[in-house]
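Below: the structure, in structure tokens.
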Amino acid sequence: MRIHIKGGTLIDPAEGTQVAGDLFIADERIAGVRSAPAGFQADRAIDAAGLMVCPGLVELSARLREPGFEYKATLESEMQAAVAGGVTSLACPPDTDPPLDEPGLVEMLKFRARSLKQARVYPLGALTQGLKGERLTEMAELHDAGCIGYGQADAPIANSLVLSRALQYATTFGFCVWLRPQDPSLAHGGVAHDGQVSTRLGLPGVPVSAETIALSTILILAQETSARIHLCRLSSAAGLELVRRAKQEGMPVTCDVAVAHVHLSEIDLGFFDSNCNLIPPLRSLRDRDALRQGLAEGTIDAICSDHTPVDDDAKQRPFAEAEPGATGLELLLPLTLKWAQEARVPLPVALRKVTSEPLRILGLPGGRLRPGEVADLCLFDAQARWKVEPAALFSQGKNTPFLGYELPGRVRYTLVGGAIVFER
Amino acid sequence: MSGNPQLSPEGKLRHLLTIEGLPPEILVQILDTARSFVSVTEREVKKVPLLRGKAIFNLFFEPSTRTRTTFEIAAKRLSADVVNLNIATSSQTKGETLLDTVANLSAMHADMFIVRHSQSGAAHLIARHVGPHIHVVNAGDGRHAHPTQALLDMFTIREYKGGFHQLRVAIIGDVLHSRVARSEIHALTTLGVPEVRVIGPRTLLPAHVEQLGVQVHHDMAQGLRDVDVVIMLRLQSERMDGALLPSAQEFFKYYGLTPEKLAHAKPDAIVMHPGPMNRGIEIESSVADGGQSVILPQVTFGIAVRMAVMSILAGN
Amino acid sequence: MADMKLPDPEALLDTLAAKIRADLRPETALVGIHTGGVWVAQRLHRMLDVRLPMGTIDVAFYRDDYKKKGLATGVRPSDIPFPVEDAEIILVDDVLYTGRTIRAAMNEIFDYGRPTSIRLAALLDRGERQLPICPQYVGAEVTATRDQTIELKRDEAGRLALALVSRSA
């Protein structure tokens, strides 16, 4: 289908440009930017007046809950949530049930996702069998099945030797290893940042050292093995400093932050709001401000939502018994816009964190508004404000610390491969 | 998340979940009302008809005979009907969620829930989900709060010391795991005690505890110097397993309350303990049974204080 | 009506004391109801040289309006320092009105024991009873409208005064 997107504002985050203009789509790709290709006849015109037109969002961590956790959410509902949030590509962590440690499981997931004809799904394979941190998975086979990286999700690798070998093996093939730095013994039993809020609320804490000690281990081993690593969900100022130094030394390391940590801190736990039970925990205001600084200066490459839908029963429990996680695919864009407004970051630069940078981390092309590029697009009204309520979300997970917030940014159209997969 | 969940929009006490966030006037009202209930407990007919027709449900998810019995006696002295639910043996083990249990009980016309739970925040969760005319009293949630214990301790202090404004109070022992300690710190600071000290080994004091408004001591002799009120906390045996302490013996040697250590405090200092006591671990018997101990009166005052809490709540 | 003059309580005390003195026996005990009734009872106790110590009760825990108004703040402890069993009690209140306070006071006294008799002395009776309660000793009778409260006050020197307070709508 040939589509003429008229009268919008074109944002190319990688170029850093924001210019009024039309966009022309044909054969799944961008056929023309600002001027129509010769002889172009649109089958459909989209009136994009007042809308921003940018490359589709790329989510680095979305739990689709299949296979295994279908009572929490289904592929259908979460993929719908993705495109409702303007997400056109997403990576999902390997902690399904069973974990993605077998090529067959990966193929099935990719097949199921493809048949929905919505966002592109890039599974992360398990780094160790069963995520147990003991035996390596068949990374090469998993790669052939479609995995773009390997990780442990939130399962720890307590044994440094195993971690070292896993990194070495991945390096053999040039694979990227995704790791969330958390020392399992220091974090054991903790459900909140070990600070003044956890002391007052009487909640077991996870100290910052759980992150920095694990980061040190990972960075040293990565350096020794020359591995390519992506660090997931930084949460502390001290952790960020370690990453900053590693980057300054030229290590091939990238990192992301979950969008909740860009905005919230331990104070938001309030009176035991279990929607704020997250992994890693929300830390102090100082940590939050350091993360925002890290984003602005580029030490933090990308923002993700860490989308983790949880059923209501699992959240309506005493804080420490509640299941951690927040739904987020539909909030990634609004919360990124909110950060951009507050931090006075120009919109194209801010959107890099959720478009071109995640693509770079995933090792995928795209993310630009240029003729020939695949037409994965998000058209949104940056001025529209909407209230975050359960009824407003497509995701089956209604668990978010941002319930009741009024946020900017409403997605109106999402296109994947030139096809309109969502419109509002 | 708006305002204090314990207070109604008019500022009246709707639930008692934690001392934190309560204005001193409410604490004083509870203490003053408790005074009247003490005189009720001293006469032959120890009942008043105040809560006649009200149903009070003891929801103890964590077993406790002492506290539950105290609440039961207090409720019966207010002429209320009491139902005891030892949840560990009933619906919870069948997988019913906490909120489902509460909803079922609310449907049985409960007026008040007395809740004890092993998880911090359980009472807050229940209070968020009960109907408008049901009141929740936190009888202890995880490490977070035990407000009625703190109130009866404040009552005890006021009985023996007259007031709060000139006192030095020391809380000794496992503050990290203690909901009693947290509630007491909030109560003491709210009521205007100028100096509140915590004494214990570093592993048993929470991070940032000084931000609660206390002075931190690791030396018993220094920490007890010129103190008017000594509050001993219970040490649970599990602490040795978690690499927090090497042994009960070493703990007793450095942090157990003996007559020699007590001598550092003022000669008329009172010794308190929320109970149950581990004699020989945190406190020596001679002190527990000695002239400065007010541990037994604490128990009597506990009934009056709980009567005060329930009668104020039920009327709001 | 707005200028209604209230009698002087000091004079009423003399009237009341004279009436009670006629029936006073060694077994007679006074019990004052907080707060005004206690002040009156204290004065009477001295004037009549009553042998038994005086009792004070705060009827807060026996009121019939708890469900509507909740528990009053400023509750005082009740204290009856003589055996109620077989006692001859004179209950003392400042202003007798609907009779509900007296009903509560009697219920409270009965939770201490079974007295031989309870008689009622009131400094002022403003009528409009809602329960079958009647005083044996009254200082004076007055009338007031429903929106008016009659309050007994006491200064630092211990002198009593009566005030009429209108609850403006």
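We just call them A, B and C in the order they show up, numbering each chain from 1.
The definition used in the following text is that contacts are C-beta pairs under 8 Å (C-beta built on N, C-alpha and C of every residue); 3 or more make two chains touch, one makes a residue touch a chain.
Bear in mind that the values here come from a model prediction, so they are computed numbers and not experimental data.
Taking the mean of all protein C-alpha atoms as the reference point, the chain centroid lying nearest to it belongs to B.
Two chain pairs, A-B and B-C, are weighed by contacting C-beta pairs, with A-B ahead.
Averaged C-alpha coordinates put the centre of subunit A at 75 Å from the centre of subunit C. If each chain is reduced to the centroid of its CA atoms, subunit A and subunit B end up 44 Å from each other. Chain centres here are Cα averages; for subunit B and subunit C they lie 39 Å apart. Not a single residue in subunit B touches at least two other chains. Residues of subunit C touching subunit B in their complex: 58, 60-62, 66-67, 69-71, 73-80, 107-108, 111-113. Of all residues in subunit B, those touching subunit C in their complex are 12, 29, 32-33, 35-36, 38-40, 43-45, 47-50, 311-312, 315-316.
By the touch criterion given at the top, residues 1, 5, 20, 97-99, 117, 119-122, 124-125, 129, 141-145, 179, 182, 206-209, 211-212 of subunit B touch subunit A in their complex.
Residue ranges on subunit A touching subunit B, taken from their complex, read 194-196, 198-203, 205, 207, 270-274, 313, 316-321.
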